[in-house]
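Following are the structures in question.
Two complexes are shown next, each including chain A; its partner changes from chain B in the first to chain C in the second.
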Partner chain A sequence: MRKNLKAWLYLLPAILFLGFFMVYPLVDVLVYSFEEGYNSASQTFMGVGLYNYSYVLHDPYFLQAVKNTLILVIITVPVSTGLALLISLGLNSIKKLKELYQTVYFLPYVTNTLAVGLVFMILFKKTPYTDGMVNMLIKLFGGSSVDFIDGPYWAKMFVLCFYTVWIVLPFKILILTSALASVNEDYYKAAKIDGASKWRVFTRITLPMISPMIFYLVITGFIGAFKAYSDAVALFGTNLNAAKMNTIVGYVYDMLYGDSGGYPSYASAAALILFAIVFTITVINLLISKKQVSV
Partner chain B sequence: MKKEFERIERAEKNRRLAKNIITYTLLTIWALIVLFPFYWMVLSSIKSYSSYNSEYVPKFIAEAPTIQNYVEAFTAVPLSRYFTNTLIFTVITTALMLVVTVLAAFAFARLDFKGKNLVFTLFLALMMIPSELVIITNFQTITNLGMRNTFAGLILPSVTSVFYIYLLKENFEQIPEELYKAAKVDGTSDLKYLTKVMIPICRPTIVTIVILKIIECWNSYVWPRLITDDKAYYLVSNGIQEIRENGFGRENIPAMMAAVVVISVPLIILFLVFRRKIMAGVSRGGTKG
Partner chain C sequence: MKVKVSHITKIFPSRNKKSKETVTALDDFSFEIPDGKLVGLLGPSGCGKSTMLNVISGLEKPTSGRVYFGEDDVTDLPPEVRGVGLVFQNYALYPHMTVRKNIMFPLENLKGDKKLTKEQMQERVEQAAKLVQITDYMERKPSQMSGGQQQRVAIARALVKLPGILLLDEPLSNLDARLRLQTREELRRIQRETGITTVFVTHDQEEAMSISDMIVVMKEGVLNQVGKPQEIYDDPVNLFVAKFLGTPPINVFRGRLAGGRLMIGSEPVLEAKAAPDREVWIGVRPEGFIPAEDGELTCSFVNVEVMGRDTTVVSTHPDCENASIRSIISSDLKVEPKNGSVKFRLKPHKVHLFDAETEERLRTELLPVGEGREHA
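For the complex of A and B:
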């Protein structure tokens, strides 16, 4: 009995923190999402029902945020995973300077998203004083300059995707290089003796051996991209609705706080919709990966 | 026959050389894309305001480097205040996290109690919960407790990370149980055993956890933004956003870049010093954000 008590005593701080800031909020967010007409100031509500969900689903800002997030996910997850695979294959085939390259590639991971986002904004922005670095390059190759920060939708989306890929690549490169390095050398030797072509070795040995890690990256990539927010703030400022570049998570926070805030019920409903989307996609991913990886 | 052999060998050598050149070129291109923003922020930060704005086509070198922007970054906006805040926030959060994590990991790894497996499973289940779901209530809780614009409000919800408890528990379990039993026979208390034996043995993992938490704290943006609107409590991320929106006057890019450099440097140094540890730690299960 004393032994039991002592163990709980050791666990107490963790349980208190988690209970107060994770378990209770989890229940509470569900409650919020069903309370209609909740008033932050008086903490009262008018009724219980699905109105918050219906409000959010009909809010043009939310639909815009869903559209932006989906585009971001569909572009950045395959591009970043593919690029990471290419870079890792390259890294794995060299010996000299390998560590140096690895160190450089990892740098974006340890940078402050907001701070470096500001640099990206300046590189892509067009002002009356200057066309900016990127536009200079475009002009060099004979294109015409575009304002990537305040300009057309596709240009803004391009910068957001570019910056997202830049930010998420370090993690993926790190995971894939160690996965590639851990493939047993004997397989490659056997393939060499059999005279298998490079492409065949890649598709029949390398890819199957690292496929669990690729699926892991795709799943975490989906989850991460669906929760995109600070990258967009870094590039376009805090008023994302005005820039038409809001994300689902951004919508949640805007509903909670700031000029458009004070609606925790709408925020909760939106957060739960996001959670449902992410959960569904993760389950689908897991089902597909189970089929693929076990073959 | 010999000639033929030499010809094939030479061709093979050339092919390998060509492949190497292509590989290195592509790797270098990406390395440049990664490094360029860093180069650009340092470069812009040492250009004077007038020369920056007079360059319609930006130059790749600073002709008259100046540190004026750095002076301005520390005087015109409360950058040192943002810095101190972040430092306080990071140190206290990391220290609390460490105490909570070590105690919980020890309980899971070495102590026996009823319901241990159930509690541990519940802990693991919490790892799946995205912070976006719980942040709404936490915002309301902290607001209702009147802890907006306080360090307590900033720190308390940021302390626990279930993943680190899991990581450390796995590591603790690798220490032979016999050592624990021997210590028990000698009459060593649990707490003493934990601090004198387990923590020193598991130091590498603990250092990794601490570094990962420091990175997380230094870069945190969303929670501090929600919970502080008084500039006196801004962290660097919010500070940089504030500087961007109403700082030096919208167009003083060089001064902004100086602030960005100052904010980025501590983490980059930390990374260069603990490079291997950080990369190993991240590959064991860190994700960004």
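For the complex of A and C:
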């Protein structure tokens, strides 16, 4: 009992801090989301119920945002993790100039988001003077140019996914290269003696050995992609609803502060729906990883 | 299968990028292992034992020299086609696989006409498991087993594809003293049962002496001596080998040959007829001392340790390299120190002479003091 008391005492600052800045706002958001017709000026509301949720779920902007976010999640998480794995394997197997390559791959991580945004502009944006580098390439191979920033939905989605993958890649590579490097060399030697082919070594030894890290990346990747917002702004500006490129977090933001904003109740409802989705997916992820990861 | 390594040299590039210095892990190394024997590769840490094993297994390519299995030159073959089983120092069992899957892994990799059916694999796994007596643990993960059990799994995994040669890199070093004794007997039994040519790396001379048919003693990448354990013990080629083998270790004295006598300090301890005068190292095995009142060698008495059968007399001598002289004497001999000193006679065949400079063995004939004189 004495010991317990001491433990709680140590935890107290963290608990107070978390309680004040996380639990209290969360509860507040929950409360807001059920208050109908809330007026932020007079701090009054008309009733309690599910109207806010119903409104949000019927709002075409919200549905668009959910669709965008889901596409983003479903495409970028597997692609970025897979790509990072490939690159890490490559980095791990080269001997010469290893550090140099590792630094090169890590550069985007320490580069400012806006600078990366600028690079993407140069790559994709159409201006009166140029169609952008990517379009030049497309034309070179006989295609017709596409406006990636203000053009068709798929083109914009492509750029957003590309950008997101690009942004998250360095971190994943960093994690996976260190995970690969930490696999004891003897396992590979043993596998060589045992006559395992390269592919079998990868699927039966390397992959299981680094699976905890892969699951970590998948889970944090899902959460990160669900919370995406700033990337879309960096590419398409702040009026994301008009560009049909909004994300759920973007929708929440717009409902609070956007031009059509001032609706904390709707924002809260949307935020809680996002929370429910992320929570469910994370729990599913953890359950699967418990079964699979076994080192 | 017979194994022969011929003039193997292995030079590693320096690990430190800045220095250009290279490491010669093996230097013109040759020896031959007869079919079906258990050979101990013995030497101090860092002398190139693991490197030798890796060269035999094919994990490392020698800088020069050839490796033969039977009559075949396998130097350029990759490890998987050489048909060797290798047990790593830390076992390297795949932690995410059960014991059964670990043992089965090498079989699943077999290709072409060697490919086995599921049933054949199961049977082979069972056989290997039975041989090393781990059939009760087949569904466990390696982390749920003791060191000794893990080691047996590692041996089973190495044996399951019926290799021609079994290589073990310090397989017992992770075990506690009792388990080590037990497991090395086990190893010997498995080797006898399978009749598989086995090379076994260790830096523990006692381990090597107790189970090997043959010992290869090496130092800093250079082969020092090959032979049966007792032969090497009785007839070491140099001071290093003499010091490395035997517990308690050989007692080394500074001495000299002078006027047909072997001198330690001012005392002539043995006759050495027809030997030119020179400085020498004198190695005396612990069992080479006979306590005697008229003995030639006078040592300062420290104490007597009685351990079961053996009586060990501990003493010191100013010309002895060892911190203390340990002599094992038969327990019916009485040791009575006089004025704090004991006197010993030396058994000539337990005394080895080495050149003071090169530390190579000198094959000077030694006789007890007096015997030579009678003829003179």
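Going forward, the second predicted complex is superposed on the first by the 270 of 295 C-alpha atoms of A that agree within 3 Å, B and C clash if a C-alpha of one lies under 4 Å from a C-alpha of the other, contacts with A are read in each partner's own complex, and residues count from 1 in each chain.
Note that in this section a residue touches a chain if its C-beta (ideal position, glycine included) is under 8 Å from a C-beta of that chain, and two chains touch if they have at least 3 such contacts.
Small disclaimer: the values here were computed from a predicted structure and weren't measured.
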| item | value |
| --- | --- |
| Which of chain B and chain C A:202 touches, first, second, both or neither | neither |
| Touching partner for A:108 - first (chain B), second (chain C), both, neither | first |
| Comparison of chain B and chain C by chain A residues contacted | B |
| Chain B versus chain C as contact partner of A:154, first or second or both or neither | neither |
| Touching partner for A:189 - first (chain B), second (chain C), both, neither | second |
| On chain A, positions contacted by chain B and by chain C | none |
| Residue numbers on chain A that touch chain B, as the complex places them | 3-4, 6-8, 10-11, 13-14, 17-18, 20-26, 28-29, 32, 40, 86-87, 90-91, 93-94, 97, 101-116, 118-120, 122-123, 127, 129-133, 136, 166-168, 171, 174-175, 178, 220, 223-224, 227, 229-230, 233, 237-238, 249, 252-253, 256-257, 264, 267-268, 271-272, 274-275, 278 |
| Residue numbers on chain A that touch chain C, as the complex places them | 184, 186-187, 189-197, 200, 204-205, 208-209, 211, 294-295 |
| Contact footprint of chain A on chain C as seen in their complex | 57, 59, 78-81, 84-86, 88, 90, 92, 94-96, 105-106, 108-111, 141, 157-158, 161 |
| Residues on chain B engaged by chain A in the complex (per definition of touch) | 19-20, 23-24, 26-27, 30-31, 33-38, 40-41, 44, 53, 55-58, 99-101, 103-104, 106-108, 111-114, 116, 119, 123, 126, 129-130, 132-141, 156-157, 159-160, 162, 165, 190, 215, 218-219, 221-222, 225-226, 236-237, 240-241, 244-245, 251, 253, 256-257, 260, 263-264, 267-268, 270-272, 275, 278-279, 282-283, 286-289 |
